[in-house]
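My structure is below; once you've seen it, I'll send some questions.
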Amino acid sequence: MSVWPITLGRVSETSRIDGRRLDQLRDVRIERGWLSQAEGSVLVSFGRTTVLCNASVTEGVPRWRKGSGLGWVTAEYEMLPRATNERSGRESRKGKVGGRTHEISRLVGRSLRAVVDDKALGENTIILDCDVLQADGGTRTASITGAYVALVDAVDWLRKRGGLVGEPITGSVQAISVGVVGGIPMLDLAYEEDSRADTDMNVVMSGNGDFVEIQGTAEGTPFNRDLLNELLDLAAGGCATLKQAQSEALGVRL
Amino acid sequence: MSVWPITLGRVSETSRIDGRRLDQLRDVRIERGWLSQAEGSVLVSFGRTTVLCNASVTEGVPRWRKGSGLGWVTAEYEMLPRATNERSGRESRKGKVGGRTHEISRLVGRSLRAVVDDKALGENTIILDCDVLQADGGTRTASITGAYVALVDAVDWLRKRGGLVGEPITGSVQAISVGVVGGIPMLDLAYEEDSRADTDMNVVMSGNGDFVEIQGTAEGTPFNRDLLNELLDLAAGGCATLKQAQSEALGVRL
Amino acid sequence: MSVWPITLGRVSETSRIDGRRLDQLRDVRIERGWLSQAEGSVLVSFGRTTVLCNASVTEGVPRWRKGSGLGWVTAEYEMLPRATNERSGRESRKGKVGGRTHEISRLVGRSLRAVVDDKALGENTIILDCDVLQADGGTRTASITGAYVALVDAVDWLRKRGGLVGEPITGSVQAISVGVVGGIPMLDLAYEEDSRADTDMNVVMSGNGDFVEIQGTAEGTPFNRDLLNELLDLAAGGCATLKQAQSEALGVRL
Amino acid sequence: MSVWPITLGRVSETSRIDGRRLDQLRDVRIERGWLSQAEGSVLVSFGRTTVLCNASVTEGVPRWRKGSGLGWVTAEYEMLPRATNERSGRESRKGKVGGRTHEISRLVGRSLRAVVDDKALGENTIILDCDVLQADGGTRTASITGAYVALVDAVDWLRKRGGLVGEPITGSVQAISVGVVGGIPMLDLAYEEDSRADTDMNVVMSGNGDFVEIQGTAEGTPFNRDLLNELLDLAAGGCATLKQAQSEALGVRL
Amino acid sequence: MSVWPITLGRVSETSRIDGRRLDQLRDVRIERGWLSQAEGSVLVSFGRTTVLCNASVTEGVPRWRKGSGLGWVTAEYEMLPRATNERSGRESRKGKVGGRTHEISRLVGRSLRAVVDDKALGENTIILDCDVLQADGGTRTASITGAYVALVDAVDWLRKRGGLVGEPITGSVQAISVGVVGGIPMLDLAYEEDSRADTDMNVVMSGNGDFVEIQGTAEGTPFNRDLLNELLDLAAGGCATLKQAQSEALGVRL
Amino acid sequence: MSVWPITLGRVSETSRIDGRRLDQLRDVRIERGWLSQAEGSVLVSFGRTTVLCNASVTEGVPRWRKGSGLGWVTAEYEMLPRATNERSGRESRKGKVGGRTHEISRLVGRSLRAVVDDKALGENTIILDCDVLQADGGTRTASITGAYVALVDAVDWLRKRGGLVGEPITGSVQAISVGVVGGIPMLDLAYEEDSRADTDMNVVMSGNGDFVEIQGTAEGTPFNRDLLNELLDLAAGGCATLKQAQSEALGVRL
């Protein structure tokens, strides 16, 4: 029931809902060690979207992987009930996890596994919990970007304990949304923009600029190859900036 | 426990697991009116992959849509327990629907809605049930391709009953998988190929060659823009062939 | 919402809803090897009622049976959402299996176990999945009759693999419904008849004409011993015909 | 872990496990008004088997029956965790109702509806809760026999409140088990006998000696028509005695 | 829908709803050996509140306790659907256990563990099932008081089987409710009083008069220290009487 | 798997695990407006224990309260999976809410309702979501203390919207834990102390020093009246300090 800017004129090239340029990210903040108990704990925000990414290390792997010598990285994503502008019921109370929650959990896990060498990890499991404290569009991309940093911290923790076989982190990973709103391609959609987008695309990239995952959906009119290329260019720019933010947070050059 | 071809040499350009060319679909069959009670009933197969797509029409729409004058199209996907080579437990017995099931159900629904004019449909609901009788890779793409035909039949049924406001079908939709196996891009992966793919991509296209949905995942090494373009070209070719198969099944030129 | 023959005059001895005689089965079809992956795969139909019966063999038995030297045969029955004339929701989505589904699954399993020697089976498990693709009355009797054929194929598969201790199949089993509609006893009720029946009985018989299971219910007036005997006579005739159909499908004389 | 008579010689015609004759019921007790809050509350016991049958009256009927002018009678059966000789887990904790529980609940409801005139009941609902406090075989037959008495009390309660349209009770209903143990047909099986039975049959009869429901299962060898007739004769005798016990409890001649 | 005394004047010091003194318990009955199969079986009643407390002994302990040499005592509380004045749905049908049920189960378990020496019990588990047959206030306190007696019987059973390491029962435990109704503190509230109470407190005491658990809630106005002390005095008196009732039931002096 | 101070000598009067005095709270922080979308959003911490308390206002009340003119205040408590030192599974994935979660949710709701005038609130609902981000003992007391501040903000929000009938906040509420560790009573137990406590008590008080709720449990030896009084004195002191912290956060004198 909060007051929220609802009316919105035509998006002009120079004025988005919050004054950003079309190829501009929202303010990105990545705070490491936000909580003290988890092996990696990162609070990441893309504008008002705020996600707590905790990495938990446990010795051993799920049963189906035992004896393989390989580690396992997975993720669970969930939104707090009042992350959204209107409260929604808890999935724990409903007794079932919704399709969207499952879908994003799987996406985050896959994205991180793309930059992990399971062999070097040894038979250890790292679970990335991405709990959305506040949602204003882009929760899955913020989750991936933040979870990567928490993962690096968790691997460091394991390394110090002598729990590694080699170097499990093979690169970095970033994610950003792009979309077409009112006919105009733009980067890092806030909720208000996202809900009005014709095309909505989430792009997960590796630090060297290749694609880890592309999920593009035409909500309205199908899109053609040219538009796809424009969107991918925007995403590549955004991911490069996110890589820089991760580097600064970690104090290393990724 | 069936005997299944397991050992597989390097995929050469001319010899895939089943002797197909890299840009060749498996045999596609689309049988309309397969069952007699549903408003649309299509048995679709891509090689050994077999999906029963039933369309059910009900008057009225879900509560959140009442009074809008708009119709609603949605889908539910599920696999029979012995669709796969090894039996897997029923989701009804487990008491919960898995993430993969949810994810594909949502994809099929979105893909069909991309070619439906909700206004012309009036306040009617069409549910597409896609039940996989046998799975050998590409169940989601076969589901979309077959469900489209069942949808057309259901809309015809509604039209004859005078239940439509206008023409709800705004175009056609097809879907196919592409992937990179052993470094080589190829079309319409069978299970054996899919399980060994570095990159796996499902592409949903409209009849005029635009994209409705792209979902590409690097299972191994991230992929670059050139490879993406190669894969999209393969997909475009496959979807064109599928459109022809749909046309023949429906006896109209889509 | 399909158009369906709803108005129905008084059933005369010579004219049933579909012109059958009172002691006549609907067309029975039993197709073996309908799918290629399961160890036994039978598509059975009694008129419009169509059930896919897949047999899955797995080595080993449930925990409570381990080390006993005995095998285990069980069944799971379920209806596709649009098997019925009006679509009904999926049990997987509801998160629970309904009482009717449980009841029939247990009946099918018990009926098959009546003709299996657990000792000769060795510690192997055979699961019969009976998925109703289309329902027009008699789904449980079609399931038992078809599942028996799939079971025989699965046992053959095991025999060829050398997985048997002896001959597990000790006889054959058939099932048919009988009922009293408008005061008149008749065989193999279609849905329309079944829904108007005073008494409804499912009879499972062994190939030598004995009873494996009798489940008779007075929906309206209780029935007496004479009527019971008439119904059992009808059922015995029907099961004899079904045994013949199974024999033909299997190419052996049961 | 209780001590229980486990070793058991061959059943001779004159000596059953508890010294009963083959056609003899266990001690039957039917206590009305056992609890003070329910509209009908009966504690019924067949030997050690003890079931609490409570009838609850509510105005109105389930949604699907509203406006029909017809009442509704239904039943829910459940076992307390330590009703059995070894404790079994609660279905509420498992989060799902088992197949057997569903099956028996449905049987009890159907049996009672066979002697109820829905029209005379008016739009009222009567729920019969049959909770097994102790189980020693025959819990479903005790439930039906006792629930009938609770139903009569609940209908009386409604009658006094002026809530009836006519006389809803059209007759009486009784139920008993029969079976073949060691080749010998016998009446009212205790758990120990039931677990060793070749054939197990539950018979529900109306007060005038007709059949409401017959559920017979060959656990071992299939049974023939002669044996069936013997079992039905035994059951008829048992039900006649139960009718007398109900009459005494109710202080009327049924 | 039972008729129930609903109108109630101001509670005067000498006249409670049922004529009791403010410091007077309802009639307490404790029947041992109520059922014959459980290792301890007690029917306890506080006035109309009736609870069946069954103790089940099993060898071994839950996994997390294995190898510790310690035993485990736990409890499960549940209400029959028609225990209450109006029927409420079964938790098994709802598919989830309610918060109140969990809360009381945990309270009963904790209370009993307070007087059990886990070491002396050896690696055995005792589960106390408290099933409320009729509820008229005080079901949790009756459960604790009755379950203690069933526990003593179960321990005796174990002792006779030679299954104990030492003497596990270190004392006795009783529980009673107290509350403030219409400004007046009183003992052992019946449902009618409880529903009108400003403050409601459940007190669990050990046989020597110390506190095992205090749970006090101000439903209306918060209460002060003086009132707390008055309530605790009332509870102490009630528990002393309950201890006497337990002693008589067990035929020992606790 | 974090490193955690595990070894702990005897607690002396002057040195607790973290150097606090026996009657000293941990650092208390209460940040209002922590998130921007909820009507009240408070991040509260008691030492390392950190809880996000969001208040959501919705017009209307649950069905059972409609038309009463009364408002409704309720709470839901949950822990993030990695709030604890070792990760625990999500209740949403398990498909059921645990007993402890239910119990604390109910406690928080009751405690807040004790200081709310439902009539003045009008038919509005306020839900307090207390999500534990990090747990180090005292999560329920921190939740109550923080949720009160979020509630005040939500009521202010409603007041500004003109949604109130009168002044719903009738006082303030605070909560703190006390316990006996190694025989010594102390205030505000951290997890390490709590897990070793003989007696553990949570005390909820109103701003004027009366009791809203007392929940005391003897984990080991039962406790007597003197010890109870000592603990209540400690709690009263702690709550007074918490009231001051709430006052400062709200900028009013409670």
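Details
First chain written, first letter: the chains are A, B, C, D, E and F, and each begins at residue 1.
Just so we're on the same page, a contact is a pair of C-beta atoms (placed from the backbone, for glycine too) under 8 Å apart; a residue touches a chain by one contact, two chains touch by 3 or more.
Given the structure is predicted, the values throughout are model-derived calculations rather than measurements.
Where touching is counted per the definition, the chains common to subunit A and subunit E are F.
Separation of subunit A from subunit D in touch steps, taking the shortest path, is 3. Path length between subunit A and subunit C in the chain contact graph, taken as the least number of steps between touching chains: 2. Measuring from the averaged C-alpha position of subunit B to that of subunit D gives a distance of 51 Å. Put simply, the C-alpha centre of subunit B and that of subunit C have 32 angstrom between them. Measuring from the averaged C-alpha position of subunit E to that of subunit F gives a distance of 28 Å. In subunit C, 95-97 are the positions where the chain touches two or more neighbouring chains simultaneously. Only residues 1-2, 35-39, 41, 48, 50, 52, 54, 56-59, 76, 78, 80-85, 87, 90-97, 101, 127, 129, 131, 133-134, 136 of subunit B touch subunit C when the two sit together in their complex. Across the interface of their complex, subunit A is touched by residues 96-100, 102-103, 105-106, 110, 114, 201, 205-206, 208-218, 221-225, 228, 232 of subunit B.
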